[in-house]
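Here subunit A shows up in two complexes: once beside subunit B, once beside subunit C.
Coming up: the complex of A and B.
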């Protein structure tokens, strides 16, 4: 479903992105091994694999988690959003290597199954410093596995976008579990101040960005509703919307994207029918609103995908008065044609 | 995101934003610290000190002898051990292959430990106490010992 993009396939952009990702992963392993062996020359290969994969997977998870809020603050980060799924699957594979090698290294020599040993070898569930931190990693990996396994569009279609999105929001729970895994694991055993500092800073950045962006959208909505006039709410000035781009506002609890194109303004529901992607973070390509995630397209006047496609989104009435853009938050049914506001 | 997910997203991050820092600080505070030792006097009934072999921030060590002329290396490990698999080895060189060292025994989490010495080690002058993790194959620390 697209004209300009090849949806969910390896187009040129994704191939370049994947190559860059592969290069970064290789470079990280080389640098990590080099520095680690320089500082600790007698480190075994198993320890090196466990430590390098752990730190890299955790670093990538931080990157994945900050892409969403960064895109809402600055559109320059959108290319990262477009490729986030590959980053997520790569992160899972690296975390899986960490888990398998750790399981073999620390739990494979007993007389019970390594997975059973993971839960039973350390019974100090009532202690903080001696807590069996591995179980946090196990459950986090389980969530990451479910996400990676269902990352393909086949699952999106079969599970429905709502269920799929709900499942993939479990990544936040996985993140919290991994922070606990690190805080009760390596930080307890090795007591490296640098590790604690990095973990604290990473947590501050991830949590801070998500909370800031969440609170910011709330504030913008309250201000806009307070100035409503004849059902139309002033949302921004005309200059705030770039040509062939959109301004996203939240009115009456719903995300609305107001697009500026060919001397006109049209507003549609900001949520793509494909995967709930943010239409307002996309752009107008060949006269169609194009979702930044997978290139699904909609005509701005009526919210309908161009034939032969059948997806439709809700539309809204827009006005321009004295350089100010007004939107009526009452939605029209999906695919309803509404006259665009003409910019004088 | 649709309204329901946006609300869920906000609620999850507010919850994580409150609970995770609390858990993080709690974990930091729970880290094992140094254990206060109750002095360095050895048990007078067991052995007599021949030589104070080492005094470092991590440990104190003495060469001792009992009434039957058995020699010992007594180690007062002042920090709580953070390597559960660490093992003490004794060897003549600071750096060298593990098979050139003599196995003394496992490092206990804290407190004073005693290891039997052979007369060659006592006569060797300078020896090196190696703390080594045999599972991870990692050297943890080396301490120079003055045996005579």
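Coming up: the complex of A and C.
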């Protein structure tokens, strides 16, 4: 929700996030190099670089992929999501080092250019076990590059959130490609029992968490608790909504967050304009609905971000009657001011 | 989650409840780093002790022969019967190339053939398991000196035909430049090296457990670099005549018999065909 774009809007949380990330990366490299030189003293520096960067990037990708579901399961993990972009860009850079050193090591200084060699040096495209596994790595890297390059909010705005989100969902394609890259590469050669086990555990964690969240997420229509009156559907009792918090309902396909604050009720679309964060899991802070993901804010009465920001979400009409909350699922255009329901 | 426990990234302080959760997550990830680094390293096969003296040039003198491949024959003294003991150093070009281009260009510059001459070469040594190679790192400039020399008596012996199981590797990487310099992971590189003129070498285990290295050529001694490309880095079976050229063995692959591939997972422990009626130990290079 910045008005101007700068590469990074630094703040204390981001600095601490990056410091922790840097610490993790350094710890991993030191440990990997230490173990590698200890257990395999006749290694070469290139092998050490190729393998430490490969495994670290893949490990970070697992961390990145579990943050989303973890946050859905427990909001206390949200600080991990806040600066996930830096995690993603760091992972890309580490994977890039792996790819470049591999390309130089295995494909350069031949009769053809390294990029041509990447695709032609192993012609066994018709075999599974002999398939040129590097190709999978190459396309995964391409996806990671597109994601890292467009990770900034500038691109989010300019590509439109829908395109941006679709592009960033490709991370799952990249993950699958890297699984193939490893399974048809290193696992064909060595470390089969241990390597395959580690890969299996990693996949199980990623897939398992996503499935768990998928099963828990309710995308069904909410049940009305009584009969609708003039288009207004009774959804819950007043007590069910905590002060400055929201109740989320899905009515007629509309995903609605009903907030209670200052003796009033207002309803807005439950989807944040930034990256589709769940506004209904946010909180009213300083009079504004605050998104739990990155803190974008909206005024409850009109769904508009406070000036100078310009984001707007759809609004809905709310009523209270005898301690029951009613909402009309017919949306008003984004940023339309609607009078809040006053709690008597 | 209590009232105060709402996390907003751009505020200076994280709520305590979040911090407790994040702290345990970070601790978990830290432990994961330690365990993963150890397990991943532990899961790797050990590397061989092959060496590549990168950045450390060596000067050697010997007689050049290009039969069967470019070799520098260095006399290492005489044996008990007064015969010269010869070590043949396999010559390789810079990068993924054979030595021919560098040698041809040096010959053209000097306007004389180099075959049979006493050459002083500067290059980078590659060695492993009793075999030595020299990379002509500086190309034609690697040839420092060319002198006339007495021809040395070659010890060339035709051995019986045989079917070998093993892996076709490029000797440059296998004998030292890369770790690992064989197998699936290295296969693209091996194919590029062999396509670039480095002679293919079949690595095979003998009945006595030792490893033999056979330069692969065609039935008429012709280069077969292109023909072996599709099976480089895989476990294969191929048949042919064996000829010993001093301290190198050459397998003259009978191209009428296609190379059979056995799948990559078997390379390391491929069962060796000791049962084919020939004492495989005959092929031991020592």
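Following the convention adopted for this analysis, the second predicted complex is superposed on the first by the 243 of 344 C-alpha atoms of A that agree within 3 Å, B and C clash if a C-alpha of one lies under 4 Å from a C-alpha of the other, contacts with A are read in each partner's own complex, and residues count from 1 in each chain.
Methods note: a residue touches a chain if its C-beta (ideal position, glycine included) is under 8 Å from a C-beta of that chain, and two chains touch if they have at least 3 such contacts.
Predicted model only: the values in this text are computed from it and were never measured.
In the three-chain model built by superposing on subunit A, subunit B clashes with subunit C. Of the two partner chains placed by the overlay, neither subunit B nor subunit C lies in contact with A:94. Contacts of A:129 after superposition: both subunit B and subunit C are touched.
More residues of subunit A are touched by C (comparison of subunit B with subunit C). Shared-chain residue A:289: touches no atom of subunit B or subunit C.
Of the two partner chains placed by superposition, only subunit B is touched by A:179; subunit C is not.
Legend: residue contacts after superposition of the two complexes on their common chain; A:78 is shown touching subunit C, with no touch to subunit B. In the superposition on chain A, contact is made by A:31 with subunit C only, not with subunit B.
When the two complexes are overlaid on their common chain A, residue A:147 makes contact with neither subunit B nor subunit C. Touch criterion not met for A:171: it reaches neither subunit B nor subunit C. Shared-chain residue A:65: touches no atom of subunit B or subunit C.
For the superposition on chain A, the stretches of subunit C under consideration are 7-15, 25-33, 43-51 or 61-69; the one running into subunit B is 43-51. Applying the stated touch rule to the two superposed structures, the overlap between the subunit B and subunit C interfaces on subunit A comprises residues 40, 42-44, 46-47, 105, 129, 188-191. Of all the residues in subunit C, the ones that touch subunit A in their complex are 1, 3, 5-14, 17-22, 25-26, 29-30, 32-34, 36-50, 52, 94-97, 178-180, 183-189, 191-193, 195-196, 229-230, 234, 263-265, 267.
Every residue of subunit A that touches subunit B in the complex is listed here, in rising order: 40-44, 46-47, 105, 128-129, 162, 165-166, 169, 172-173, 175-176, 179-180, 183-184, 187-191, 196, 199-200, 203, 207-208, 210-211, 214, 217-218, 253-255, 271, 276, 278.
Chain contact summary for the complex, subunit B toward subunit A: residues 1-3, 5-6, 8-10, 12-14, 16-17, 19-21, 23-24, 26-28, 30-32, 82-83, 135-139. Within the complex formed with subunit C, the subunit A residues making contact are 9, 11-14, 20, 24, 27-28, 31-32, 35-36, 39-40, 42-44, 46-47, 51, 55, 59, 63, 70, 74-80, 82-83, 105-112, 117-118, 121-124, 129-130, 132-134, 185-186, 188-192, 194-195, 198, 243-244, 282-283, 285, 290, 292, 294-295.
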